[in-house]
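Structures given as structure tokens follow.
Two complexes follow with chain A in common, the first pairing it with chain B and the second with chain C.
Up next is the complex of A and B:
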């Protein structure tokens, strides 16, 4: 992918800051995240729970409760600054340009509506007639691997398995014509066998339709299966960006290296990362990973490293 | 090693209702566990893998006699505990011996009281005095590497990893011999998962615990367990020592599960196509092999008619599959694709067996 002519990215996030007001005080969930997603690319956003992955994704969709959230920085989608867009304009972006699927599809669907109707509703919103929308919905369900589609379209969400429901969610995203699909832990609740099927479907979307995908996950297996490029997030910042191969074999940030070393693998003893991520309600001085880092030095304690050559670290691993 | 648990033709059917059929009304049964036999050896870590709905958790609950089986026996140390009522005094006496760690540590601690009280409640339940409980908790905290300062916190102030450590401490309070872990690391982050796995292994070795580890994650089981049972719709399809199972998976289901595992690295080459379809419900099981409806190597007329019996292919490695049953001469060793029976030409793997 890297030898392509550089084109403007589909989505560009610059210095994103998200500050959530909560009864227990403000939470600085995202603290200056920078990344971009190019056309037709599958990107992974990985990190531990609470590092700001989901908040970042929801910020792109502007799905955070707006009365309690203060944004900083820019999120540009095809030249439009999404954070500056009024709600009415955002409604046009959601679904039609950027769609999102969630970890638990059962709670994302209307329990009282047949799934076919829910997919058809998306077509109705795009101005199609009732009958045409219903036909298109069945076609789309067949496209995402639901069979027999016509019959299953009449099922209610509770009658379908988690894997089937995730397919329905993907069908809805595609029906809306989204060019960017944000998948937040799409396979975490699924069995390995079904996970493999859903990940294959996501890869197929990119091949056939050129859909760009942002996969949010804590599972490096999912990354290895699907992603071209990976962003590693820690305490609200992107600490490392690289191609999947770079992240797996030649990571430069100590956090990325530690995360990969903590995965149980055949014949290799997993090494746990000592300590815990910082409390995002507090001000972090220096590098957020410094207290857990094996390469920490004096400088890391009071200066925040900026991203350079993929890694935001003063003392990154030198690539051979 | 002697057997701590002996499980003999154990079944658990759940009645979902009745159905009108010719000749009257018949019960509609969900066969969660269906005539399963195996031993849990003292001091081993036994892993149970399978998709959701395969009966893993039900099997675990039966072992601890938290639910009574429909038929069959569970012998604990030679005593038939499945004959005891789950709530009986005799069973309660044994509970301290066998403890459990659950998937979600947050929902397994009372959110309204500090952790220290949750732990003391358990200690009191097993007859420890206040002082003895305190000493025991301090000892276990030292053993598991937890800091005393978290005792005064409530569960919403602690991380998932800390809570799972506390859940393990709580399980160890009565000094059990047997620990059942039901998806105990599935809800945790990768970085924390390694810590908890390490703790399980450490506790097992130091305290000589027997562990029954239920998981859907093959990598976790591969790392932690000595022996593995592969469960599908209430039946054990394959059981083998962990190294053997991963080096030489013989049942098509086991191979599919392994193939469905996400790659460890982006460049890793996939050998087998991932399994199509999903696990059917355990109601109205098809005749023959339970896996036949999804099996890539299904032999029509055999697999969908006759239920395969267990074949012991090498010591401790049992497989319930017709492709093996057909020929008893398949030797141990070698990859299943290449190894077949020279006399009858049966092979395990790609080729179909002529019947």
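Up next is the complex of A and C:
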């Protein structure tokens, strides 16, 4: 993919900052994240819990509680600055252009409504009649591998398994023809065999519909299985970007290397990263990873490294 | 059973109630005992009473020498109307108020309604009712609001204010429950997911959150209707209306056991019917209950 002619990315995030206001003070959840997603690409966003992955994704959808959140930077989707869009305009972007699926599909569906109706609602929103929307919903459910679709469409969420529900979520997300799917930990709540099926479905969607996907996860297994490109996030910034192979075998940022070393593997003792991630309520001077980094030097403590050649580090590992 | 025994704990001789404490010959007393079945033992009286209940007879009133049922149905419209008016006002006002508070949390709308809630919750029906009567006396003394209404419009006219008086506390409580329910739904995952589909916040609230949030309101509504039935006694008294509540108090005062029993049984029956209807309503709203799955 990387040898293609460069085209304008589908989504471009530049210097994204997200501050969440709370009575106890502001939380600087995202601190200048830069990344882009190209057409037809499956992109992974990995990082520890609380590093700002989900907040970043919700910012793209503008699903954060807007009265308590201050944004900075730009999120450009096909030339439109999403952060400048009014709420009414955002409603047209959501679903029709960018869709999102969530970690726990059972709680992400209305418990009191049949799943078919919830999928059909997306078509109703685009002006289709009740019957037509219902038919389309059944087709869409069949498309994501639910069978018998017509019968299962009449089920309530509590009557379906986690894997089935995640398929319903995907059907709902894609019903309006979104070109970008944001999947926030789509497999975390599912068991392993079902995980593989859902990831296969996501890959299939990319092949069949050309949907771009941003998968947020802390599971490197998911990344290895699905992603073309990976972005590693730490303390609200993207610290390294590369192809899945680069990240796994030739990571340059010390954090990425430590993160991969901490994955439990057969025959290899996992190495825990010492220390804890920084408190996101405080201002961080220098490189956020410096206090835990094995390659830390004087400069890291008071200067923030910019991304260069994939890694935001003054002293990256040199690739052989 | 409990009602039956409790009522009989008093040591007033029923015969003296029937005869109004006049001097009577032993023959008259005997006749009265036979007429009301008091010559039988207490267990037999109980069995007769239950038998009567099964036939829709609540027992013969000592004081009125009439079937309690007739007295109950004569008095019923007033109480029923007050309770219905109170419940309707409370439902119609508290649900939108609760939704508004949840939607505008921490904004002036929320704070404003909170203050109103605090005032309303501190307005017990007997106080509100008394103030209302006083205001009527001051500003509109020609308004007729006491006595037995004869037509439907008269009934509405006379029971509207008592209904309003009783609705105050209920509005405060129900709107608070609605607000907390709605606030919880607005924090749920499905709220975000539905927004991610492209629905506006208002559309998600209307199509998804409302049904979910209203379930606890229905629960408390069932309990509150019981409270309303009890409170109607006070409010009827203040407005001098001939309702069931006043009839009950009078019957207790006059040691008219069959009537006390009859009215109490009837209220229990109404309360149970309403609870059952509300339980059925749960099933309509929530498929998990209908299909027997624990939440």
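Throughout what follows, the second predicted complex is superposed on the first by the 320 of 320 C-alpha atoms of A that agree within 3 Å, B and C clash if a C-alpha of one lies under 4 Å from a C-alpha of the other, contacts with A are read in each partner's own complex, and residues count from 1 in each chain.
To be clear about the criterion, a residue touches a chain if its C-beta (ideal position, glycine included) is under 8 Å from a C-beta of that chain, and two chains touch if they have at least 3 such contacts.
Remember, it's a predicted structure, so these values are computed and weren't measured experimentally.
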Exercise for the section: Following the overlay on chain A, give me a clash-or-fit verdict for chain B and chain C. Expected result: fit
Practice task
Look at A:94 in the shared chain and tell me whether it touches chain B only, chain C only, both, or neither; answer first, second, both or neither.
Solution key: second
Problem - chain B versus chain C as contact partner of A:219, first or second or both or neither - result: first
Problem - First (chain B), second (chain C), both or neither touched by A:200 - result: first
Handout entry: Minimum C-alpha separation between chain B and chain C after superposing on chain A, in Å
Key = 11
Handout entry: On chain A, positions contacted by chain B and by chain C
Key = none
Fill in the blank from the handout: Listed in rising order, the residues of chain A that touch chain C in the complex are 58, 61, 63, 87-88, 91-96, 99-102, 104, 107-113, 121-122, 125, 156, 158-159, 169, 172-173, 176
Handout entry: Of all residues in chain B, those that touch chain A in their complex
Key = 51-52, 159-162, 189-195, 197-198, 216-220, 222-224, 246, 256-257, 259-268, 274-276, 278-279
Problem - In the complex with chain A, residue positions of chain C that touch it - result: 188-190, 192-201, 207-208, 211-212, 285-288, 291, 293
Handout entry: Contact set on chain A toward chain B in their complex
Key = 48-49, 161, 163-164, 191-197, 199-200, 218-225, 227, 244-245, 248-249, 258-259, 262-266, 270-273, 276
